[in-house]
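In the part that follows, the structures are each spelled out as structure tokens.
Common to both upcoming complexes is subunit A, partnered first by subunit B, then by subunit C.
Moving on, here comes the complex of A and B:
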């Protein structure tokens, strides 16, 4: 009997997704409806009547909408400059955008405390000297809703950038050439041809930016307490203080869950059935706009954004790592190696946490990418019935704030049959689940953009479906696969909100250690650990982009 | 009238406790706990959950390891999170922690009532610890203590203009200038806020909440915020990190208000199901040894309730400070209300 491989793969993928998504979300729903005396709606009544719940919700919505708008406003021109113009230093800009993608928001937030704390922040100190202002005056205050919004924007816009830049690169020149030949002005071409083609990516970028900043915990945990307000995630986290109120926390996550589902649905409605197979068997070439003198203006724009996202924050962290009490300008008198010495030789947590972080990030990236490749392919080719269920399950984790997912996983895996709390496994499941949609979106997009004609050719020549997948589809998706892997890896490095609920002493990650150090204000040690984490992460990413196995497979294909 | 009576009682109780601390207690001749060093070494590890400042914790860990060759795995976080995590772990039947220390003495009442703590009898503790600072059943004892005074950065505030009393902090000139730890994270802040609430009523905290206070989590952070000059005045934070920073040359000044200064005890205990029971006992003995207690005082800037220790000459002895005394039972009963009211008053 011939077993249909795609059906087996389908069954396995559904099983994995059910375990990852349905189990914790199921527990969440059940918990949100439970009270001390059986089923109840009390939690939802509290949610909608208690001002300490409503205010955080409104702040979160406003701030996230602002982040989404800022991200689009910055990522579209930046993406265009990098992908389609002759602006100088394009690859450096791209690398620095990636650096800001890799930067965990909690680290960025701590760096921005050094820069824009109202009294001691570097920028405020400089402004006072430069403008002869009184000590009581401050220009910037990171401890505010605006401060949090700005920091979230800096470490979220790369998502929108990646979507836009990739889309711009995939648009073949034919369409734009046709427009030009028909007499359209370049601006007209941009408006009537290019923009509609990248609109799905812009929308996707805005959506991901909104969702990311709605569910972000790290930066909010750093900035909101001194500022005296809560976001949804910090409020939910505070519900786990003694005596814990998991039921209310579960209920509080429901509006976010429903909002996300509604937004994803709206995105589908807006885009309708517009599908673009942009990569086909024929070659594609893209046009490059010549900016003339404007290219310096474009560079200044990109430079300004990256100054805020990378140069200043990392400068401040580097300073904090080596001066006695940050923030202070380094002088011979206040330079010290004490923080470095503390982190490497005294802080017990460093080696364990670094090891755990790397194991988890590598494991999560590999597992999530493999699973996303299978699911993405099945969904893109729509060869199995029920593909839309698969697609829904694969996108669903994006709707769950990871702190809530942490709660769900905690509820699901601290009871039989799977007692996973206290092991790295529960963290691995959490990381894979949280980051899975990123890998899935990437790979389903890439798989959809590859026209089936190449696979059909392979099949006509007698190759088995598996062989076609391995020899034709996978190499064509190579860059997408590497990108997905890197996305998950980066996401896992940035992850703190589920980890903070699920870790135990032996399963700490660097993010958790930094969170603990931040709690007691040890900025110097945080700076050292943060920089260490970033160095290791970049080393891994540099390696991943030149993995011999993948490169050889692609070269074989070309040969 | 009632308030001043309370204050009087608080003050006399403080003096009585301190006096008791000076006189060695009588010890009943019975079998004391003697750790098995060989077995402890075979276990090779002890897991220590603590809320003490990380530099102090890691220093002790190094000392212990140098002395016995047994590694101490330090897990430093705020008291309330230590409490939350232990609840989470024990609830999942997960035994990770050997020895615990938090600054919320109420935690130990909960753990003891849950039957999670081991009962031990160390000669050192029974001989030198006043009875009110150790559990009758030997499940916990006050390992360290500290105060929550007012403090300011002398490079930002002139001594003549500095706040002298708790009421001074409510003056308009300090609006937006204060930093304070958060009782939902810090056990010592929970205790201190409870004591201030007892002395001045909820309205004091409510008015303080209107002062646009910069909130941080641990009670170890406000001294650091003060030291780097982000805020000039500390309205809630501990004394021991101020001492540490002073010894590093930071221009911080302590103020013990005449109304009284919150006093917080910070007990330690061994878990009954500790994964390294012998190493745990040896480490516990080390924590309560005279040398370690003296180290806590000198290096850590902490106060000790052990009888017969020397305090550095530049510190005001605890006997000369009017104290608000801690009341774990009261904190335990009030903690949820405190968190709720606090969130209303301070926004978080």
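Moving on, here comes the complex of A and C:
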């Protein structure tokens, strides 16, 4: 009876994952190989010979590599300062880094337009006044490869930071003490013991930063289009503009898909090495370096990074939301609620977009979490033959850049009998698929951490499998379930990369509206909507943090 | 009647037999220990009995009712059994009271009866002051008692215990052994107790089943298993023994002798026998006894003596092997 039930759930889960992953990717491959007269390699020939395809490719690779290097250069010292020194305000620094992690890159890019657009940007205006420069001169130009690299760096370094800081926190002090007792100078210990131990985490962080900036659409679109150049993602998007060339777009998605697959595989190899297992072990006592006067220097360094990532951008957005014409310094004379009023009462798109965003985010969060619960549980318990297939399918969306998935879904669901384009359903599938791996990984970890004997004890006392799931497993997984739901919700309300290819006027979301408004230069309304997005995000995060942490209690009890 | 019968039960994992044709009859109300080293299949056997695993061959019956056969397994919740897990498996999100009462709530008993029975059993295992606590707030021994109470409150016909004491410290382990036996005598269910600790098995069980590589090596009372081991494996595993060539005791086959049964003399005994001359290699003081290793006739022989017997390493000694203490072993079986 138990077997039957899990087989049914297994079949449903596989079916869902096929619709989410296999079908879009399948159509992507098929379409990339087809032309007007049957199968062809023409699309790929174009891809590798047409300069307008090659240049975005090179720009993306160069910029992403630079982002990865910048991330390492900043995240390693910052992670060390927060995890292993007596620098003041460490927890505030950590919180602000998390804030930049949840800032959608497109919003960051728009904020940096306000700050560093060549003519109107705040920073350029200040520089002209401070340095008595001519009106035609500008110090900063965010509409450039450098600007794109900088903005992408600001919103991807938190990934590297999290990896590094966690790794540093998990190295037991014993390992470093052992080196010290053998006569090693602290610097030697750092170089010979600590650094090699966190090296996999640094590499993993760098890879993630690279992948994020390679596949990001929002910030790239905001910053490259005015400057008249393309990245891979904006080039794919442009192939959907009139006249659409979906086959070429499908082909153009392939390098990104393959590169992502390769890099994730590399990351697995780096992190999966057995010798580094201890880094994932229990938290232990760790040594804290006393920086003396240097701690103010360390704080200044962290502060400068966060100034650029958080303080200036959010300041600029706040300013734009409440002054008459941004960017301008707020004074009593030019403060206004006109933008707020406009967004909520005059902008036709707002009610529809708000409604769509809420429906999609609630739906995606609930569906993705439910599916992740079922799949995570089946994979963790390994009761069903074929669980490894399920595990593979569930992790696969990680390797599919959102915009590539958008192309795939467009191709899969614009043809009968699955005509979903133009409906909220296709957006829902996209959001669920994009956010699913995060929920899955969370829940498979939680499910694995629940000792099977806890369930078996319930069985022997007379509970059916479903009853055990309800009485024992689900309550123990509750905080994991809530966390997964919140992750997906936050991810969904800010999603733009796939939405930009799949929306139609009635299915616009807030993120799409923000993007549209940016094209028309309406910074005040953008700022209002962007801040609204962030308020909702932080509210949900606060909610997630308040859930009683039963699984932690469970872990303590097992230990 | 809850006589537990296993008939040529086989379980394979990935083609490798882990339980390899076990035949066993456990009388109603008996306390049986499944004893063996790790990997001998004892936990697998217990999980087969509980219904968490399906046998590949053979069948398992309780009181004449067939519970397990290949492809036909009564699910665990319908077997009227209880189990104590190695991890205790207490539900961390439920209080002691809720943990213990869970099985009764499933049986839809009236609220007052549940409360009454939970209180009674908790008193029996000395938990009455801890009813509102969560498992995370209890010591290891207390958690063990909750696990016992939770298993016993549903009045099982059969109680299964899977290495229940291995997470406790030495003193507590001793105490809980007696507790487990006391509760068995009080409630008279059939008990199957899995352990790798021969001391635990001897202290608690009526009947010990020594398992080796998925097969039954010997079944007997603790006295039989200890006093008359049938094979070298049993002799060595249960209680420790020297296994020596027959010539030491004038036998035609190897024999086993317990460490404390070897007689050790500082000089050749005048009245004979045929003592074997040897040299003390190692001496360890254990408080209530001394542990010697003596090299004699090309063999290393372990001997336990009273603490007063004090011979320096390197000195010569004479060893005697009382015939009534030497157990001739059956020729080496192929079951290894």
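Here is the rule we go by: the second predicted complex is superposed on the first by the 376 of 559 C-alpha atoms of A that agree within 3 Å, B and C clash if a C-alpha of one lies under 4 Å from a C-alpha of the other, contacts with A are read in each partner's own complex, and residues count from 1 in each chain.
Quick note on the criterion: a contact is a pair of C-beta atoms (placed from the backbone, for glycine too) under 8 Å apart; a residue touches a chain by one contact, two chains touch by 3 or more.
A quick note: this is a predicted structure, and the numbers were derived from the prediction, not measured.
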Contact breadth on subunit A, by residue count: subunit C or subunit B: B
Partner chain in contact with A:520 - subunit B first, subunit C second, else both or neither: first
Which of subunit B and subunit C A:456 touches, first, second, both or neither: second
Which of subunit B and subunit C A:36 touches, first, second, both or neither: neither
Contacts of A:464 with subunit B and subunit C, given as first, second, both or neither: second
Partner chain in contact with A:244 - subunit B first, subunit C second, else both or neither: first
Contacts of A:120 with subunit B and subunit C, given as first, second, both or neither: first
Of subunit A, residues touching subunit B in the complex: 52, 117-120, 143, 224-226, 228-230, 234, 238, 240-244, 324-328, 342, 346-349, 410, 414, 419, 421-422, 504-506, 516-523, 525
Residue ranges of subunit C in contact with subunit A within the complex: 50, 52, 75-79, 81-83, 85-87, 89-93, 102-103, 106-107, 134-136, 150-151, 154, 160
Subunit A partner contacts - residues on subunit B that touch it in the complex: 47, 49, 53-55, 58-59, 61-62, 72-78, 80-81, 83-85, 87-89, 91-92, 94, 96-97, 182, 184-185, 212-218, 220-221, 224-225, 227-231, 248, 250, 335-336, 339, 343-344, 346-348
Subunit C partner contacts - residues on subunit A that touch it in the complex: 1-2, 451, 453-454, 456-464, 467, 471-472, 475-476, 550, 553-554, 556-558
